[in-house]
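Paired with chain B in one complex and with chain C in the other, chain A is shared by the two complexes that follow.
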Partner chain A sequence: MTNKVPLPKGARGKLSFPRLSFFLAAVLTLFSACTTPTPLVSRGTSDLGIVIERTLGRVQVVETTHHTSLFTVDGLGDLSHASAVFSRDGRYAFIFGRDGGLSKVDLLSGTVVNRIVQAGNSIGGAISDDGTLIATANYDPGGIKVFDSDTLALVADLPSTGDDGKSSKVVGIEDLPGRRFIYSLYDAGEVRIADVSVAAHPVVTRIPNIGRLPYDGLTTSDGRFYIAGLFGEDGLALIDLWEAKPTARRILNHYGRGEQPLPVYKMPHLRTWAQAGDLMFLPAVGRHEVLVVSRTDWREVARIAVQGQPVFVVARPDGREVWVNFAHPSNDAIQVIDVQRMAVARTFIPGKAVLHMEFTPRGEQAWVSVRDSDQVVVYDTRTGAEITRLPADKPSGILLGARAQRMGL
Partner chain B sequence: MTLKGGLGPSLLPESLRDQNETVLARIIRDGVLGTPMPPWAFEISEPEALWLVRNLKDGLDDQ
Partner chain C sequence: MTNKVPLPKGARGKLSFPRLSFFLAAVLTLFSACTTPTPLVSRGTSDLGIVIERTLGRVQVVETTHHTSLFTVDGLGDLSHASAVFSRDGRYAFIFGRDGGLSKVDLLSGTVVNRIVQAGNSIGGAISDDGTLIATANYDPGGIKVFDSDTLALVADLPSTGDDGKSSKVVGIEDLPGRRFIYSLYDAGEVRIADVSVAAHPVVTRIPNIGRLPYDGLTTSDGRFYIAGLFGEDGLALIDLWEAKPTARRILNHYGRGEQPLPVYKMPHLRTWAQAGDLMFLPAVGRHEVLVVSRTDWREVARIAVQGQPVFVVARPDGREVWVNFAHPSNDAIQVIDVQRMAVARTFIPGKAVLHMEFTPRGEQAWVSVRDSDQVVVYDTRTGAEITRLPADKPSGILLGARAQRMGL
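Up next, the complex of A and B:
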């Protein structure tokens, strides 16, 4: 390593004291540069993200400015159905694996800085509003666990035992303001709010009888409403978190109108950015429809016919379009709903098994993972043109670091 | 895949050992009403379902 120390202007001849101290400081800087690890690159993090390569237990670190892959990071366990949240400085991804693994990955160096296995079977997690706590939602043994985001040390272990004494699978975990987390109990049909503002004394509030088999949940981007999708009923549960004593009420009740539901070959997912203006776009279960509900009075506004069972229903950040992908056997397609016309405006066929879509924060790009084509496709959302295709091994989730700045992701 | 189950039960050999092959094959083809298990009869034949069940019972080599 070479490093030329420029002489201060006008400093010539003998080593004057200022010049000597400058020289010493330079030597010290050089010394420390040689003995401590140096960051690989000096750059910001707001255009970084990860692509999950589910079968290899690996992620790619990508950047959305030049649409390139920067690193691959191995050793993350079973990443089928993996998801992630980001530290508030955008530097670290906390990756939740199906096998209960929780890995903290440094996006700037492409390294795993910490990893624990915290459960036998896990479905995802959330990060607290202040970035200090990571919470995981677990199937086996159920319950949620809360960890210190610096050290991944356990802070709280909150079981999901229902009134029948049985442990429930936990789904739909989201962060709420004030170091709180909200989540649904699949088996017990209940929502709980864990207030971890005093870490040593977590307080859990129960909201029972929300409906049968909640499969996922979302909070609106302002953190006011929590919606749980119900697999066991024609409807969704809505909770207004601004009420003094929040309770659940049913919205879009009987949207199936008593008809025999169609089989569901992949569970839908609910997403915080299902909101476009004052409207929320939600996947119907067992219907080839996207349900549109008004955020003002929670009445059904429209239902939009699509070509299969919707899985992800995601509004472009400007709310002008809503992109939808589908369960098998329609999973080669993405349909784009024009919110002005309330109808499908175009259909993309990115390839075999479209698993996930993620918009850049201003919505000019959509990143799409196509598992069985082993590709990530980047679209220009204005023109619909492909910007690039990146090779990836069985890609599933694409999660961009801009999520760090949003509630409920 | 861990085959340890998600919303549904585990598909590992020890969980399936005591289960009847024909019944399991019927579950694959007909699904289980009221649960997330959908019917696969539209693209999985009876011999194929039995083949799947036997392979699951023997244990799949994930790699």
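Up next, the complex of A and C:
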């Protein structure tokens, strides 16, 4: 910005009104350069997160230091089932919607900066370890697609066609070190690893016969093991990714002990947060139980009776507690497992329809979505006390940006 | 900002030169409101970090997405031994200097926003799990001090006086869940836990007789175990913080096997990054070895011969490699241990005097300070290739802001 304002031609100490008007117009144009059309805040991003408002197709951008909502973001399509990952700098959320939408949201301005519809029906996605690639896991038309995280340009399109020529729904997608993704094929009972380290030449490794109807998958916090939950049988498939040629083996086989499983109306979820110290806490399917395996030898260590069919089983980052929520009709409650005692320590009811629980990265807070109370409740995990309640319309997923600093989330 | 610019009194279609000058002065004053004296950037903070320039008492603010330096920050006192922690929102670094300085740096503007000198000689500090408290570990006058992270106001002053009335140098300070800190008293051979959950009434628990001359300490990644390295004997002290009344027990006792230790010119460091999966990789003191213990039963699993006395032993986040640097005269090299094979896989020389190694949180990059080459080298950990070299004056510590999302760092 220079210090001189040029006088219109011919002015020598006096200005006529038309000339002054010109001058004013020039000044106002210059002023407008000082304003930005979309306000962009300057703040840290490491304490940001999003709350999915599933019915309205919106998200709220929240911050966990003072527990407030910063923005509401519209235009995200069908979020009745939604997931998200975060850019490595913490600035952007990539939101995967049920309608196959992939939306890039700037958390510093609460705006959608890019959006594509990349499939007919999608359930989730992942971001590569270096943050350059976004992968979507698709039900329809199946397969995964890989996109450039800057531009959302398509980088790779990897179908999930089985040996029978049929396409599988893809579930349980996770990132692996080295620009790779691992995912399960629900219909084919197969796991695949896509190595996209050279984007123009993706290499897909197939691990067949892992078990019937894998419905979700998790990786351990170091990305070494992948566990796929099975819906077609009572057991889980374990893959050690450090093996030169990884194969699947069965763990917790026949955990149903021959008993008839209960009807399942809501599938449980498997994620890295299952891990507490050396133990993995896994939801049983069709049973009122949480199954505990040792990460060291993969044997069952315990099973903990809970009040309903578990949906999310989430370990607090310090591993001392595991919080469990449930499918209908027990879905108003959370039960807290004390890991040292291997038993439920307390049960509490945040409100109507607890959909999701998310801990801050060092575990001092738990954020809980209570759909039919139209609220998000924030708890102090040291005391169990409520810190605050935030209004939210039919909230479902709560995802904190700190996930970007961890593998498998 | 309104759309009207008032005309000086008496102007009716014409302006004289003095009046135009007045008008111009008003316009320029208004323009100056558009500029901010200290430029504040709007960007994500989750990929930021600092590089300590130890001789000049400066830090560089760096970002790991494009591997560039954003700011150089002066006025940080004596950084010949320095450490830092980060605010939970990722915006601020709290830098602990050898001269007892505690400086709060805004990473979005590269400015020192607050600075106090809180001791005569200090070696490090920690931040509480909820981000509200900063604790400093002091050599002189010993003890720890606790400060409000917003204002740097003193909250608690906890001396390290032993039963003999003497003050100990404090080392190995770590945060614990629940607004607590754990630290070691070098001279008294004691560990203390300060519970500052009620700031006005800190409660200090003493764990005496842990062994001779604890020189540093680490917590496991879940904050459950504290390990203090001993300088006065060959062994380490282990404390299980889940015990109702924690006590210390000895692990890796007599690891020196009766052999005379080598003279130690540079003490090793112990931090949470020692952990790879179920294993802890610990530097031996006065020996050319890395000791490996199992986190499950705390027995020695292996010891790996290395080329010099290890200073930093840092596991890659996926736990497949452990990078080791050394004291003089081997301090130009890094050796990489392959965890699956439990052996050194490769040795390479980044330059002259490798002081520190830091992995990005998902492990795809390693940032290495090479003091006497006046450079920081960035490696792609998947291929081992160099990505870039950044100029830096006598760089020592490299600390990435993602540490704020983990316990013990």
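Quick note on the criterion: the second predicted complex is superposed on the first by the 371 of 409 C-alpha atoms of A that agree within 3 Å, B and C clash if a C-alpha of one lies under 4 Å from a C-alpha of the other, contacts with A are read in each partner's own complex, and residues count from 1 in each chain.
Keep in mind that, in the parts below, a contact is a pair of C-beta atoms (placed from the backbone, for glycine too) under 8 Å apart; a residue touches a chain by one contact, two chains touch by 3 or more.
It should be emphasised that the depicted structure is a prediction, and the values quoted were computed from it without experimental measurement.
K.L.:
Check the contacts made with chain A and report whether chain B or chain C touches more of its residues.
P.N.:
C
K.L.:
Contacts for A:Y265 in the overlay, against chain B (first) and chain C (second): which applies, first, second, both or neither?
P.N.:
It touches chain B, and chain C stays clear.
K.L.:
May I ask you to decide whether A:Y139 touches chain B, chain C, both, or neither, giving the answer as first, second, both or neither?
P.N.:
In the superposition, A:Y139 contacts chain B only.
K.L.:
Quick check on the superposed pair: does A:G401 touch chain B, chain C, both, or neither? Answer first, second, both or neither.
P.N.:
A:G401: touches chain C, not chain B.
K.L.:
Mind sorting out which residues of chain A both chain B and chain C touch, each in its own complex?
P.N.:
Of chain A, no residue contacts chain B in one complex and chain C in the other.
K.L.:
Where on chain B does chain A make contact in their complex?
P.N.:
Result: residues 1-2, 4-7, 31, 34, 36, 38-39, 43 of chain B touch chain A.
K.L.:
Could you pull out which chain A residues touch chain B in their complex?
P.N.:
78, 80-81, 98-99, 120-121, 123, 139-140, 169, 186, 215, 231-232, 263-265, 267, 329
K.L.:
If we count contacts the way the header does, which residues on chain C are in touch with chain A in the complex?
P.N.:
Residue list for chain C touching chain A: 1, 3, 5, 7, 13-17, 20, 24, 27-28, 30-31, 33-35, 40-47, 63-65, 86-92, 108, 129-131, 177-179, 197, 222-224, 242, 276-278, 295-296, 317-320, 340, 360-365, 382, 401-402, 404-407.
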